[in-house]
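Which chain is which? They are A, B and C, in the order written, and residues in each are numbered from 1.
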């Protein structure tokens, strides 16, 4: 650690290094010092040893601008808005200095034909080299008419654009897992990018509704630094952001273990940060780093503000995590919000009652001595 | 135990048969007691009905309950697995063929036992080990036990210590449709086992009463007292 | 006659396609279509009404609070829950923050490039730019050095040859009128606004855990505990932080946003006569000031027909209904009659051309947006409608003052409000009114804490077993883009029917069964087009509504 700090200081004073300091960063008021600080915090998000920070700084400076196209299908633009909240680096830094964002409907200046041309040009000129970011699910119903852009179906666009990309990043739960449009009864036959365009070489899912801006930028920085994509879990989510349960990093965990729960909104426990488990918190079944990096420049996160986690980064969370204010999902075939324990107790009681009755009848028929007696015959027949 | 042996015991109408070997009995009672503990602790995990006040550091209610659940889970898992192993190694009454009715005779026995339960015959067909119906039920129960273990391990895998081999069981998570569904299945499984237990205890007592082979005691001593002809018939299949 | 199609309309939320007939340099007819459908109203059926807000919130990630708020209002109305005063204050703060932040993003990042030519900014003189900036505002970040930096940065960027999102646009188009210095100033503020929106919206994270898609709403109240003596609740420290953020918003809006709008508008006064549209306006009213069932609203609700500011009438929700004559849905009772939302149906049935296609069937069904009508009138909703209704009522007085100031500054009369430019100005005026007002709600929250009133939710109605077996409810809200209503029908604790009639549904809807155009369509008719292959002017008028098509269709 100490060694590294001195190395950083050496870098700061070395004249040659100062020269390669990107002009754009200085203009934006990003000092070399704050830049190195950014690299250190990035290294922390990516769970890399702090020693890597210096190397990180070096490779970002040298990195060539990668090309990115951002497609929106059945989305709500929440992930785009989230991206606009990125703070390390900011979206201005990303777009002006780091990455060439050649297509993004929500921010691009061109429209209509000119916009479509920009996309077509990128797909052609950078084939196999650009990154495709996708927001929103892709409908398979109605011959693709549930989502069309410039007259083309989302499915067609996704196949053309993702199929020719070096890598595809599915940003948000809709793109990663189908998300809201795919919630039961999935009226449009919405599917995740990975299912719409099977066999993609490199597909990274960055779910959450929306994905946290800092995870989006961390992924891009990871790629630009390490020249490779991060290790993924079984749902293709980067381990640096989805490797641990919310519950295992939650600041309310001490109250969970102690047995201290919020019972009513605004009660003493709620006002004193007790655990939200009994209000339906899905932290115990959700993987994401919300409690660690939090949201909006580290300001807060859902559980931090007093509401249970709804499990927004998990596959099918709209069906598996609902009802949100109960900790178990609906039981198939039962009314919404039916309590498993009520059903279970009912079942047990029913079995008990059935066999109590059985016992009474059995005793009665033995006492009375009638009832079919096929025992012997049955056996003879064998 | 064979028909020959039964015939060699003259004068006594009922003969003592060593049906449940020690591993079967130990496994059975370990399963029973661990399920009691698992259900009590599991119910609390699902519905933490005890709330404590004061500083969090002074309490560890849920923490303790979970620890007890996990220790009981170890006992339970080992007992179930050893019982499954014994299905391959044990005596004829412990074998897997007692649980899955494959022979025509077992199917017949299953039907006849079912008739007894619906009062369509006076006495159950005589059996030494499990009746075919009971055996089939136990197969389902062992299946549920495996599901409990599988869903339990799936839920445990992400909270297992780093480097623990238990982490490897996260491969089970998608198999059960994700963690939330694994949890629901796990919870439903508890009630299925409890409901089974009610029926099961009743049937054990019922059999003790109508067959007089000492069914209930047999799970303690290992011995049943059966009529020679029952034994003779067993020899047929 | 040229048939001009713009698809995708960019710098909006969602998938909007505009088709127009252009003749003699003017739009003669226009069709507005959205080409994306998800079916949120269908997905909600059979679910727990307390969960509905989380679902409807995902209708849009731009106006990321509004469907949540409207949903809880509808369910609360149905089940008879009464949120306590703290919940109202927290909601007002969240709504206010949404309004200001959304308007700033809209103006700088979605709308400005319709008026601002980035390439022209390259030839600006930074010193002159600085004196221009300083002449319109005392905002401190407007020195020569700053604009020199901005220009250098822009130059590098352009010289790098990778224009990214600014490539292929209409730079140099004859409809761009700003001098290079005004363009450079706007580019600087484009970048500053990016920082502002990010920092200011931390307010949503404080009150809602995160943004977008805040997570602190509850049927019956809010999930954000309030307690002056707890570190796990909103306390006096939070009050201080909220005050600071609110002050920063007021600062940015009054010293950057408003002056910029006036400066730019001064060069485009002809646009005060373009894009008027249907001339009927609707606002439900917003920012409840008390906790009665029919609270007093800081911005009053009302309807205005035929641009008659002398006749503003209260809103009667029963007069609302939706047509699907030109939308890809079926109504059981036939497509010629509209349905009121409580009886609303959402049965998608696509009958348009199979993608890939060149043209929609404009004479038949051509959009996923339904056509809402108020007593059969197409209504424009949004900041302009709200400001007009408030202006017509004369309250709050701040609206009247600011509208009059703006008209005076530009030297135009009230008729200028009914236009593309009017919409853009109204949005800035509203931002200022609300940015100023928010401090009052922060203060009221602090007072509430001082009284030790820590109630945040009506817990008596949270358990579905306390609800009537069957009930109906409607919730209304003024979202950044206009009047939003949700209608819910609940039976045995489950949603039976859920209908949303959304601001952009009103504005972007297609023709109705009588062939009456929707507000976008009507506003586009008469728009001048200098170059049909570079439809900059179409973007101007459409963008002035701040389209959100994910909202419109849902």
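The working rule: a residue touches a chain if its C-beta (ideal position, glycine included) is under 8 Å from a C-beta of that chain, and two chains touch if they have at least 3 such contacts.
This structure is a prediction, so every number in the text was calculated from the model and none was measured.
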{"item": "Touch-based graph of the chains, sorted into line, ring, star, complete or other", "value": "line"}
{"item": "Distance-to-centre winner among chains (Cα means, whole assembly as reference)", "value": "A"}
{"item": "Distance from subunit C to subunit B - Cα centre to Cα centre, in angstrom", "value": "62"}
{"item": "Centroid distance [mean C-alpha coordinates] between subunit B and subunit A, Å", "value": "40"}
{"item": "Distance between the centres, which are taken as Cα means, of subunit C and subunit A, whole angstrom", "value": "27"}
{"item": "Residues of subunit C defined as touching subunit A within the complex", "value": "5-15, 35-40, 42-43, 46-48, 50-51, 54-55, 58-62, 64, 105, 109-110, 113, 118, 149-150, 152-153, 156-157, 160, 162, 164-170, 191, 194-195, 197-199, 201-202, 204-213, 215-218, 220-221, 223-227, 230-233, 328, 348, 350, 352, 354-358, 454-457, 459, 462, 464, 492-494, 533-535, 539, 550"}
{"item": "Touch list for subunit B against partner subunit A, complex", "value": "43, 46-48, 50-53, 56-63, 66, 105, 108, 112, 115, 117, 119-123, 125-126, 158-159, 170-171, 173-174, 177-181, 183-184, 187-188, 190-192, 194-196, 198-199, 202-203, 206, 210, 233"}
{"item": "In the complex, subunit A residues that touch subunit B", "value": "233-235, 244-245, 247-248, 254-261, 263, 269, 277-278, 282, 284-287, 311, 314-316, 320-321, 327-329, 331, 340-341, 343-345, 347-348, 350-352, 354-355, 358-359, 361-362, 365-366, 371-375, 378-379, 382"}
{"item": "List of subunit A residues in touch with subunit C within their complex", "value": "23-24, 27-28, 65, 67, 72-82, 84-87, 90-92, 95-96, 99-118, 139, 142-153, 156, 179-181, 183-185, 187-188, 190, 209-210, 264-266, 270-273, 294-297, 299-307, 310, 312, 318, 322-325, 335-337"}
